[in-house]
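Have a look at the structure below, then the notes.
Order as written gives the chain letters A, B, C, D and E; numbering starts at 1 within each chain.
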Amino acid sequence: MKRRGLAAWGALLPLGLIVCVGYVGTVLWTLRTSVSSSRTFPKDDFVGLQQFERLLDNDRWQHAIHNLAVYGVLYIVAAMAIGFLLAVFIDQKVRGEGVLRTAFLYPYAMSFVATGLVWQWVLNPDSGLQNAMQQMGWKDFSFDWIVDQDMVIYTVVIAGTWQGAGLVMALMLAGLRGIDEEIWKASKLDGIPTWRVYLSIVLPMMAPTLATVFTLLATGVVKVFDTVVAMTQGGPGTASDVPAKFIMDHLFGRANLALASAGAVMLLLTVLALVAPLAYARSRQKAQGGH
Amino acid sequence: MSGVNIQGLSIKFGHNEVIKGLDLQVHEGEFLVLLGPSGCGKSTLLHSIAGLIDVSGGSIHIGGADMTDAEPAERGIGMVFQSYALYPTMTVERNMSFGPRVAGVPKAEIERRVARAAEMLQLTPLLSRKPAQLSGGQRQRVAIGRALVREAGVFLFDEPLSNLDAKLRAELRRELKLLHQNLGNTMIYVTHDQVEAMTLASRIVVMKSGVIQQIGTPAEVYETPANLFVAGFLGAPAINFVSAQVGADGRSLQGVLPLQLAEGRVKAGQSLVLGIRPEHVRLQSDGRWRATVQLVEPMGNHQVVWMKLGEQSFSVLVHDGRRITAGDELAFDIEESALSIFDAGTEQRL
Amino acid sequence: MSGVNIQGLSIKFGHNEVIKGLDLQVHEGEFLVLLGPSGCGKSTLLHSIAGLIDVSGGSIHIGGADMTDAEPAERGIGMVFQSYALYPTMTVERNMSFGPRVAGVPKAEIERRVARAAEMLQLTPLLSRKPAQLSGGQRQRVAIGRALVREAGVFLFDEPLSNLDAKLRAELRRELKLLHQNLGNTMIYVTHDQVEAMTLASRIVVMKSGVIQQIGTPAEVYETPANLFVAGFLGAPAINFVSAQVGADGRSLQGVLPLQLAEGRVKAGQSLVLGIRPEHVRLQSDGRWRATVQLVEPMGNHQVVWMKLGEQSFSVLVHDGRRITAGDELAFDIEESALSIFDAGTEQRL
Amino acid sequence: AEPLKAEVIHWWTSGGESAAAKTLAEAYKAQGGIWVDTAVALGEQARSVAINRIAGGNPPTAAQFNTTQQFRDIVDQGLLNNVDAVAQRDGWDKFLPETVLSAIRVNGHYYAAPVNIHNMSWFWFSKAAFKKAGIAEEPKNFDELFAALDKLKAAGLVPLAHGGQPWQDGIVFTATLAHYGGRDLYLKIFRDRDPKAIQGEEFKKVLLAFKKLQSYTDKGSPGRNWNDATAMLISGRAGVQIMGDWAKGEFAQAKQEAGKDYGCAPGFGPKAPYIIQGDVMVFPKTDKPDQVKAQQLLASVITQPATQVAFSIKKGSIPIRTDVDVSKMDLCAQMGVAAMKDKSRQLGNGEIYITPDQNGALQDVLTSYWNRNIPVEKVQKDIVSALRN
Amino acid sequence: MSKRKATALWARVGVYAFLICAAAFFLLPLYVMLTTSFKSMDEIRLGQIFALPSSITFDAWRAAWSEACTGVSCEGVRGGFWNSVSIAVPSVVLPILLGAINGYALSWWKPKGSQWLFGVLMLGAFIPIQVMIYPLVKLEAAIGIYSSLPGIVVVHLVFAMPIMTLLFRNYYAGLPAELFKAARVDGGGFWRIFLQLVLPMSTPMLIVAAIMQITGVWNDYILGLTFAGRDNLPMTVQLNNVINTTTGERLYNLNMAATILTSAVPLLVYLISGRWFVRGIAAGAVK
């Protein structure tokens, strides 16, 4: 038992190092910076929770957090649903699987600086879809979310989903292909409609994959930045602002390291507040036996 | 309720032809047992009847309709997989009820069926467990239960009792027989247990390397095996084979067991193999032959005595409790009426 | 070579205590067979001996050394898993050679061992296949082969022959016995096949719900079962149980089978259960009792006759080929010397 | 001797900018150096790379920077070498505009070499659009501007081509404050950050004018790039754009000519303020004599008249000194140089006076105001608190 | 029977219809990018983004690959290609390998306390990487690998760790646990089991991981820029210099061509990755 742990810990050493130095270290550093008055460079004075007060006072931050919640929920749901659907359909032994897979995955490979611009064009009421549809004689067609304060965040969801669904598909496809063929046979015999097999048997069996995808998307959500910058620059106004953009603005352009750090800390605390009860419940469940 | 009619079926895995032009007629309401050595294609045959693998040739009719390309669900089939194929994320109860639930069977009816199957399979206390929390035999029983609740016209059972203890196996065997009698559905049943085969089967099919060797009632297959393979495959302890040469008179046999056969059965000079089941050998002091005991295997309610006859071993079933020890020389006789005679070249029964 | 000494072993899954304070001494070179109903904890016991699950109490010594917490690899064991657990990406050959290769056995030696095991298990033509391309029985044989090539001091076999046909099973049984005799290693063997248990075991352990019921030689366990459970569990067809009441004289039994017992064995007024094995009942015209035939099961080399005795069924093994049909009334007698007598309350043998 | 190697981090990466950077590199090479180019797109990015490299102990020889308060931060940290020697030798005090000098001189030391001057609040007019709308003359003051915008609107054109990104909103604001509010108010707001002025009536009028401009933009403006807005002028779909002098590059790309196809004005009238924003080169601290020499040579080369003209022609900016030959420059640039000659017209860009943080906060308020209906009084209050931090 | 075939046919048609519609949605932006890249700037300024180019010109592609100025040098995006390759190879292989090892150790061996390590790691995945850059610069400078190839590889390793570990941990948790038991009885040690049993069963995840990591590393810009050092700047730095500007002019045709060119390598990987998305890799392992 002891030796068993030893070998595994040996293998986990690099990870331990990375976690301790790379993550714990930088988190502590960020924490420290967030209670200082650092501007361009870190300072080691102590100003208490002043940065946090300013943050909580800031309309833009509040708005960004709100946007993050909206974006997060919609994006994760949409990307997972579409990614799963794509995986399922691609898994039907279709011709040209490689080409289709690439078609769904390519957005992930392209720098969003350029594709974000294309989305901006496509969604722009003047140059984009709305205009094209109206020219084709569909006079009432209106699609101007990107310039609409209240709707713009949904366009970010659309573009984000477009970019991320392919990867979800790849992950799901790998998960789907791991399901034992015998299970399929058994369910076929049971006369279960295919969609029902996916929903009731395959999906639960893919729980680990789903967890991976969810976490992946969730980390992406919290850090979302490029998408917003390339498409809307956080606008119109600050309507599509997100916390990461707020942090980045202060980190670079506005040279306020302390406030940016405070933002990062707040973000992390939010995540922790969401995750901790879940983790606690899971560990309790494990302790009570069963698997 | 429906019979199964298989014609010219052949199945390949790559270049490996596993089922070779197989014809088989399973009558409605019949209990057909498939026997055959490991790897001979029994599971493959069941899978093809269920529509779970593509056939490379031939046709399968179920209940009169051509089902060669039909969906498994359309075939009205319940199946127990050799590898169980339980749904790992569902409880035992859900595993069993899922099929009927999807089929829209009323809830009360599902509950009734599941409860009955669980009772019969002694799974009632385990209904809320997941498959990973079950023992091997328990999993197997869930697999049986899942098939039973379907109440299909044709049941395909792939070694359904192999991981159960003798007692439970005997009980379930009886239950299955009852079930079959009550429902009258068609059963195709793979087993390696000869007691199972003998007690359950209305007919037995013996296969070898994807080819049917013999079809018949248990008694037919056991008592008049069609060829050397069938004779050797059935029976435990196995049948004794003894080579013999027909003398010039076309009746008397030469070899370690000189005998006289009825006229006309064999030709002069023909090489034969005699099949003598161990239970048809009697140890009796006035026996025509003598042999030395090599080994005695006590079996609880009987013993198997291995004797040396010429160069080969020869087994005898002894039912009384008499003490026999290795080295004894004993006289024995055989029941000639139960003798099987095969041609040594074609290996077919004469 | 090494014995296994288990003391006070208990194992829990969550709140479910599967093995309960189990003591078991397996002697060096012994062939110990574990018997017990499905789900009684046999596999769990094997897994704990192999060090694959954490024990919640007790100790396991192998070859004299405390191995309770040792790595599986350190214990010098070979194991056949009930679920096979073949390495799916490796060929049959690699599956078998993985262990010795890890152990650094010279290449030539590995080849020799694999070739021998493959030969014995009739796997030679399949050596380059992957597990997914094998039939159930073939997979099981690979699992056996993988254990055998390890040539370990202790072998743990979990129903290794359950998916094989009778013929192959008989052959492998013999091979295993030979192997054991040659290598002299310790074997712990789970099976549901009573023939296997009887022919292979030097001792049999009968378990029930994680508790050992009886340990003894096959003959002991079969002929003098320690309690009702053991008696009922062993034997096919099962032993007949008949209730009886001891009369005031402390010898004569009242009930459907009135008998006289030897003095002193039972107390006046005691409630008993008599265990009578079917083979100890003789149908003979001068029998002391009569009963009506309910059902006749032909079994090839014998038949099982079910008779109605009072309210219950009563089975008799008949070895001659005489025609018996349901409805016949027959006289029978029993061999009183082979009778097992149990207290109806404690269920223990008297 | 070995040529003096100078690694320079800058963000001149687009076509015209690259060409301009090349003139610097060539001039430097001609005078005995080797220019090692590290171009990084976007100012923020390039600045943060420079800062990280300094922090990581691997500084470049020189780095492009803006004369903002952030520049003072790194000076305060003692991370820069000064180029006092060059400034004295070349007599920077004599030819550099005061606004520029005060930006690069900290505690009497010169910590940067100015490269060029941009004015980020030019007014651009599309002659084609004006013609379509029947506007004969380009506006001469803000009221005329509004009148012209009204006419454009009436003609069914987009009056004001605008890219709705916060920094562009900021440019429009700066232009409105400087040219509608005037020089004094501008300084009161930016330099003094005077709460009274911010809350005052005059500033309120500026804010209302700013907001009024918004009503002349089209629906598709939010998020648009500035050059897409310029393209609207080029194609005659829109009439006016308020944008920096770099917009010339777009017109040039489309082969349009100043005065003929489009009009430009750095403000209204001969006394209109000229808003200065400068790119500078800073020189990270180093003790290596070679590097110090390279830094000084670079500082000197950059500020020479010939380099200045060559650079500005390509870049679309104007030189930092007025004692240069402007004949090769375009009409708009000549207007700029002329304006620069009048010291009283020079006015620093807002960022020179306030910290990036304050500037950012201000931008947030302005862009919200531009895009949403917020009472002007609230905006005034928000600006007070944005500039307080 | 024929009805059956008909429904099967319709199901087939449905599958393809869905896939083609979805592909059309996904490909729409690519269509815009491609047409834009073949247009002249004059045509682009008209703002007809869906229109086909009136005359196709490859100038933008040529320029993007080898002529566009990105500062003083004018080499297009090709300049950093080999740098990108030499960053990508170790930064893809090492994190995947380490992620697989971690996932394996965490899911199969579960040494005491390792769940805490994993928890902290996963939390770390939620920190915006830009926040971590400055301390990492300081750290790398302290150990002397800042601004070098090892420097950037280590940074990629650090940032890839959470996702790579998660990916493999969850994948391995789904494999039959009996295999692990069998391997341990066979005497396999930690590494032996990993290399000979686990790794061969990991192909689908290795491919997904490779897709993610190649894309991430190849498209990375900010880390390469900050940590790789001047001589190792990846291709994306050139790409960003081509397409990113605040006040410079924007040549959209060039931008699009450069973007597509730069993503050619990950795209190629996607295209050829298919044959490793194998079905039923653990089939036949357990009953």
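Just so it is clear, contacts are C-beta pairs under 8 Å (C-beta built on N, C-alpha and C of every residue); 3 or more make two chains touch, one makes a residue touch a chain.
Keep in mind that this is a model prediction, so the values were computed, not measured.
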Intersection of contact partners for chain D and chain E: A
Pair exhibiting more inter-chain C-beta contacts, A-B or A-E: A-E
Geometric centre distance via CA averages, chain E-chain A, whole Å: 15
Chain centre separation (chain B, chain E; CA means) in Å: 56
CA centroid of chain A to CA centroid of chain D, Å: 37
For chain A, residues that touch 2 or more chains besides their own: 4, 117, 126-127, 180, 182, 205, 251-252, 290
Per-residue multi-chain contacts in chain E, two or more chains: 47, 134, 189, 240, 243-244, 280-283, 287
Multi-partner residues of chain B (at least 2 other chains): 71, 82-83, 133, 136
Complex contact set, residues of chain B against chain C: 13, 35-39, 43-44, 82-83, 133-138, 141, 158-159, 162-170, 192-195, 198-199, 218-219, 222, 232-238, 277-279, 297-302, 317, 319
Partner chain C, residues of chain E touching it in the complex: 176, 178-179, 181-189, 192, 196-197, 200-201, 280-287
Chain B residues touching chain A - in the complex, by the definition given at the top: 47, 50-52, 71-73, 77-79, 81, 83, 85-90, 98-99, 102-103, 130, 132-133, 146, 150
List of chain D residues in touch with chain A within their complex: 44-45, 47-48, 51, 55, 70, 73-74, 77, 164-166, 218-225, 355-357, 359-361, 364, 367-368, 370-372, 389
Touch list for chain E against partner chain D, complex: 41-42, 45-47, 68-74, 133-134, 137-138, 140-141, 146-147, 222, 225-226, 229-230, 233, 237, 240-251
